[in-house]
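Multiple structures are listed underneath, in structure tokens.
You will see two complexes here that share chain A, one where it goes with chain B and one where it goes with chain C.
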Partner chain A sequence: MPRPGFVLEVDRSTPPTLMWHGEGFRLERLPVGARVVYAPEPVDALDDPDGAIRRALLNPIGDSAPLPALLRPGMRLTIAFDDISLPLPPMRAPDVRQRVIETVLDLAAEAGVDDVVLVAALALHRRMTEAELRHALGDRVYDAFAPNGLLRQHDAEDPDNLVHLGLTDHGEDVELNRRAAESDLLVYVNINLVAMDGGHKSVATGLASYRSLRHHHNVRTMQHSRSFMDQHHSELHSANWRMGRLIAASGIKVFQIETTLNTDTFPPSFAFLQKREWEWTVRDRASFLAVSTALERTPPRVGRSIFHSIKAPHAMTSVQAGEVEAVHALTTEHVYRQQLVEVSGQTDVLTMGLPYICPYNVNSVMNPILVMCLGLGYFFNLYRGRPLVREGGVLIMSHPTPWEFHPVHHPSYIDFFEQVLAETTDPLEIEAKYEESFATDPWYRHLYRTTYAYHGVHPFYMWYWGAHALQHLGQVIVVGGDVRAVRRLGFKPASTLRDALEMAEDVVGRDPSITHLHNPPLLMADVT
Partner chain B sequence: MKALLFERSVPRIAAARVAGAITPGLGSRWGALRLVETDEPALPGPGWERVRPLLSGICGSDLSTVDGHASRWFEPVVSFPFTPGHEVVGLTDDGARVVIEPVLGCAARGIEPPCAACAAGDVGRCANIAFGHLAPGLQTGYCTDTGGGWGGALVAHRSQLHAVPDALSDDAAVMVEPTACAVHGALAAGDVSGAVVAVLGAGTLGLCTAAALRRLSLPGQLIIGAKYPEQRALARELGATVVAEPGEIRRAVRRATRSLVIDDRLAGGADVVIDCVGTAESLAEALAVVRPRGRVVLVGMPGHVSVDLTPLWQREVQLGGAYAYGAEASVGRRTFDLAMELVHDAGLHRLVSARYPLERYVDAIGHAAAAGRRGGVKIAFDQRRPARSAHRGGAPRATGRPDAPAPATD
Partner chain C sequence: MAGSPDPRATGPAPRAVTVNVPIRVPVTAAPAVARALQARGRLGGRVSTLRRSVGFPWTAPTWPGAVERPPVERSLGSDFDTAWARTPPARVARAVLLEGVVRPAVGAVASPTVTGTDRLAGLEGPVIFAANHASHLDTPLLLTSLPAEFRHRTVVAAAADYFFDRRIKAIASALVISAIPIDRTTVSRRSLDRAAEFLQDGLNLVIFPEGGRTPDGWAQPFRAGAAFLATRCGVPVVPVHIEGSRRVLRKGGGGLRRSSTTVTFGSPIRPEADLADTRALSAAIERAVAVLADEQAADWWTARRRAASGATPPLRGPEAGPWRRTWALGEGRRSASGPRWPA
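On to the complex of A and B.
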């Protein structure tokens, strides 16, 4: 029986706390009285994932017929699936998408469906490489579809392959992938790693265009999502739901398949990462020393390659299929079961170690904008109720924050960092002054469509993701980061955690309450 | 009087070249420049006046000369020994405060009738700079007969003198000559209203060019490449719409023009690029970021450069120089008059960062050679008496920014 998450109060006997620091770690001794929030242990995996998938497809939830009843010869079937941004790190083969899609294809074949197209739901993310597609779908699916042009990647800038469905009652454009919209059935295969994923967001975001996305990927939405991980208080969620209902009303039949994974995130050689420090065995200590020593002697580029080669032993904990909203309600329960930790009260200072990976740098570089997005976007928003840190409080993040960008994946990020952030870090000003020019820049559009680049507007979304935190926090301090890069972000650099805590006292006063968000694995704080 | 004298000594110029290659400006210690006690220059004839410099700036061409890097092109149009210094505000014997337009054209040389350029007021293009009753010398500060601003007195023809209005401080007045170069460069770019203009370099010339473009030409976007934080701040203050570090210029231009990219080159580019650096690298960069049939204007003195001109040929780029000043046909006014107004309107006095007495010429030239890195822009020699210095020069300042530390001034 996995143990639930809990909150530790640091005392004199508490061993140093392990923190991520990009492609490395820091062991930090937190002040006596500080709290450390630990995630629940990974919940048990399904014994028979393939059987569970088949059962889910045959026994859908909500107002939906079983999948075989929706399949017939001569129909157009489109299977869309989540892209490289999920899960993190990429999971060991077979990927859950492969399991689900193979089962769907088996049922389609049994029903005599021969017009089937697979679509990677990229939204404005970069295209996936062949190796990444093979990993997600398996060689059998890839070889059956890709050579015939039946494995496609959504292109949000292809006017010929987009269709405008109309406006929501809030005046939001809904523009979708034409093949998906004009199919008799759209099957969406999702991986729900955090509470923000899935539901109507899968189709309304993953298969949409910039014209559509701009209605909810903006500063106002983010500042009115408290948090965007909590669907009942998320304007991001509400906008996607409005769009999803318009999609349904326009006659597009969506059969949603959602899966959840446990938080078994790293292989045995990195098992110490997920353990509570006082429970480290001799073997864990030896592993930590070996890994740390090796990393210190390894060039950063090599260290990055090593980390990005890690495949997570994630295991499927649930699968549900059918009508979107009913499916997602159940999925969210499973996510909460794995990730929620009750925390009593807010803190003056929140500390966190940031890892080498976030949804947008798989097989890539964690550039400074992504550091901001991971810390102030994702981790800050992993709460329900109230933010872990009080309004006006201080967020301390540990990450090397190198002034480094992947030139192929993140070309517009470089300009955003060098030009936009050099002028202002205010999300509203950035949005008003610069977004459109980046979003419509023909060069970024060309790179997004033909290479492996994120869309020109993507760095803006990363910045908006942290807009709520920027509005809420009194200060952000980065420990051990590149000083110039940290300052360009508008944050304060600190050499050590102790220095950072002293700097924080200038903002929140002496003897502040301190809470550390321990990761991995991921957790979501239920702050009362 | 005391004066800095530059002599034609091959060994010393060679030593300066070596020293300057190690540390820019170090040619002043080991080279052909030395502080001497000498007679004041004689008045060459009627129409000439003695001018006692108050402030005299140190410019990039001076530094090239001192460090032995100046192009041999100038040898026939320079006479030795000479006292450098052509950015000058000074007092005439009757107490009038003047700035000097240093080109020694036909009028100064007593040549009648004047050449076509001088007849049109465009003295910068004078065809007779090595002739007439003066020794060769394209400008005051390169002519053995006239003296220069880095000495206690010089002589100037009345045609070279421009009265300084009371509204201009000495700091402002010493900026008039470099600003005139910038005005000429900006106007040489042609009609750039609404266009994308990139300025490479944010030293004195780059910053003054930015100011001139912003006030005289109204480009749609003005991108300036600036290496140091103080330069970047000043560039913004003077009207740049985008300020980029030198390595970021290409991306900045690409974004401003929404250009596609071929390999690492822009498919499109800026309408006009003004190169205020004058190195092989800056010229190559200018050719890389200018659009097909765009224009590159060299304002910075280039010297010997090696650069691939294929893009100039294939993209039909116009490459032109912009030297000195004279009459600006496009606006029907003299460059110095425009510069005088611009210095006042744009507050260019703020670019004077530090002033040194002649005796500390090694420090002064070293400072000028490292001005950007040390947070400064224009370094000048100060030959004012203390009371006048306090009254006219304004408080010592590094960059014109209120939070900048005050530099050493003596």
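On to the complex of A and C.
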């Protein structure tokens, strides 16, 4: 029986707390009285995942017929799937997408469906490499579809392959991938790692164009999403749900398949990363020392490649299929069951260690903008109810924040960092003055469509992702970061956690309450 | 006088070097000593710095006061897993230790005489060897006295609370004598069930039915464990009498003393007919060991006649006060004629 998450109050006998620090870790002794929020242990995996997938397809939820009943000869079937940004870290083979898609294809083959196309739902993300596609789909699927041009990656800038479905009652454009929109059945295969994922967001975001996405990927939406991990209080979700209902009303039949994973995040050699420090065994301590010492002596590039080669032993905890909203309601319950930790009251100072990976730097560099997005976007928003840190409080993040960018993956990030952030860090001003020029820049568009680059507007979205936190917080301090890069982000640099806590006292007063988010493994604070 | 060891030597006022112990040495008077102490001071400083800096994760983590400690998962005592000790590498290692180390050591201190092995001719395992118990020497003595066909396919029932209370003892016991943990302090069938599994797997078992070493030289009542196992598994029990081991190494009696010992094997007792009952079988085993003791102390024919008439001297000694029991053992009066058994 896995133990639920819990909140530890630090006392004199509490051992130092592990904090992620990019491609490394720090052991920090937190002040007595500070709280540490620990994630629940990984919930039990499904005994027979393949059997569970088949049962889910045959017994759909909500207003949907079983998948075999929706399949017939001569139909156009499109199978869309989540891209490289999920799960994190990438999971050990076989990937959940492979399992699900193979089962769907088995049923399609039995029904005699010939016209099948697979589409990676990239939205404005970079294209996946062949190796990444093979890992996600497996060699059998890849070799059957890719050589025939039937494995495609969504292109949000291809006017010939987009179709405008209309406007929502809020005047939002809904423009989708043409193949998906014009299919007799669109099967969406999702991995729901956090509560933000899935639901109508899968199709309405993953297969949409910039014209459509800009209606919810903006500062106003993010500032009104409290948080975007809580779909019932998220403007991001409200917009996606409006779009999803328009998609359904347009006659597009979506058969949604959602899966959840447990938080078994690191392989046995890194087991100490998901254990509570006082429970570290001799082996855990030896692993920590060996890994830490090796990383100190390893060039950053090598350390990065070691970390990015980690494949998570994530296991599937649920799979449900059928009508989008009914499916997603159940999926969200499973996500909460795994990740929710009850926390009593807010804190003056929230500390967090940021790891080496976020959804947008898989096999890539965690540049300063992504550091901001992971800390202020994702981790800050991992709450339900109220933010973990009070309004006007201080967020302390630990990350090296190198002034470094992947030139192929993140070309527009470089210009955003060098030009835009040098002028202002105010999201509203950035949005008003710079977004359109980056979004419509032909060079970025060319790179997005033909190489492995994120869309030109993507760094803006990363900045907007942290807009709620920027509005909420009194100060952001980065421990151990590149001073110039941290200042460019508009944050305060600190050498040590102790320095950072002293600096925080200038904002929140003496003897502040301190809470540390021990994440990953992923957790979501249910703040009462 | 430079370099003189005399601290009263003339010259400039001596400078003092402070190290991590309060010693003051005039540098000019003893530069070599001072350099050594300076070096020692630096080293001492490093050691103390290291001592300060060594903590978690170099040392085990402390436990937060707010977190309840989970019950410790027992991996010692009767829960110690000895399966590894029966893997081929461990068996080879044990054979090497038994023949290369234990046998010469036992021979050197106990000069064992082994009799009665002819009674085991034709006997096929698994078998239970049930012996009296007076010394820690009994196990190695008995193991090295077993005929070769039994020796390397035998496990020893050992007290879980004594031989398996610490990991190092547990590992050594399992490796060297192929010990398996048996509960003797609690009423538990688990240990016996496990021992029965070994017998069913074809392994022989050495068991000391007294449950522990004799505290005063006379045998303690035999418990029914050996008889229960024999009845349950349908295997014969070979009674064994060990004489003299207490003279070599006694309970609570200090170190080793060289002396001679005798190991006498009796005829196998099968749990059949009137001995199918555990209690009856257990009594029969105790009687058989007493007859072997008599045989060793007197001679076979005398022992047989006493046994036939029910006059075998009891293993447990006279019903009397402690000093008379000790007196009856005759220990320390070995020059006098008379029997030396059953100690």
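Quick notes on this one:
As a working rule, the second predicted complex is superposed on the first by the 528 of 528 C-alpha atoms of A that agree within 3 Å, B and C clash if a C-alpha of one lies under 4 Å from a C-alpha of the other, contacts with A are read in each partner's own complex, and residues count from 1 in each chain.
The rule is short, and it goes like this: contacts are C-beta pairs under 8 Å (C-beta built on N, C-alpha and C of every residue); 3 or more make two chains touch, one makes a residue touch a chain.
Treat the numbers as computed from the prediction; the structure is a model and nothing was measured.
Once both complexes are superposed on chain A, the partners chain B and chain C fit side by side without clashing. Looking at the shared chain after the overlay, A:I414 reaches chain B, while chain C stays out of its contact range.
By the touch criterion defined above, A:A422 reaches chain B but does not reach chain C.
When the two complexes are overlaid, the chain among chain B and chain C that reaches more residues of chain A is C. Within the superposed three-chain model, A:P442 lies in touch with chain B and out of touch with chain C [touch as defined at top]. Between the Cα centres of chain B and chain C, as seen from that of chain A, there is an angle of 120°, stated in steps of 10. Shortest separation of chain B and chain C in the overlay equals 42 Å (C-alpha atoms, whole Å).
In the superposition on chain A, none of the residues of chain A is touched both by chain B in one structure and by chain C in the other.
Interface residues of chain A, counted against chain B in their complex, comprise 414-415, 418-419, 422, 437, 441-443, 446. Of all residues in chain B, only 242-245, 248, 251-252, 254-255, 258-261 touch chain A in the complex they form.
Note for the complex: chain C touches chain A at residues 55-58, 60-67. Every residue of chain A that touches chain C in the complex is listed here, in rising order: 8-16, 27, 277-280, 282, 284-285, 288-289.
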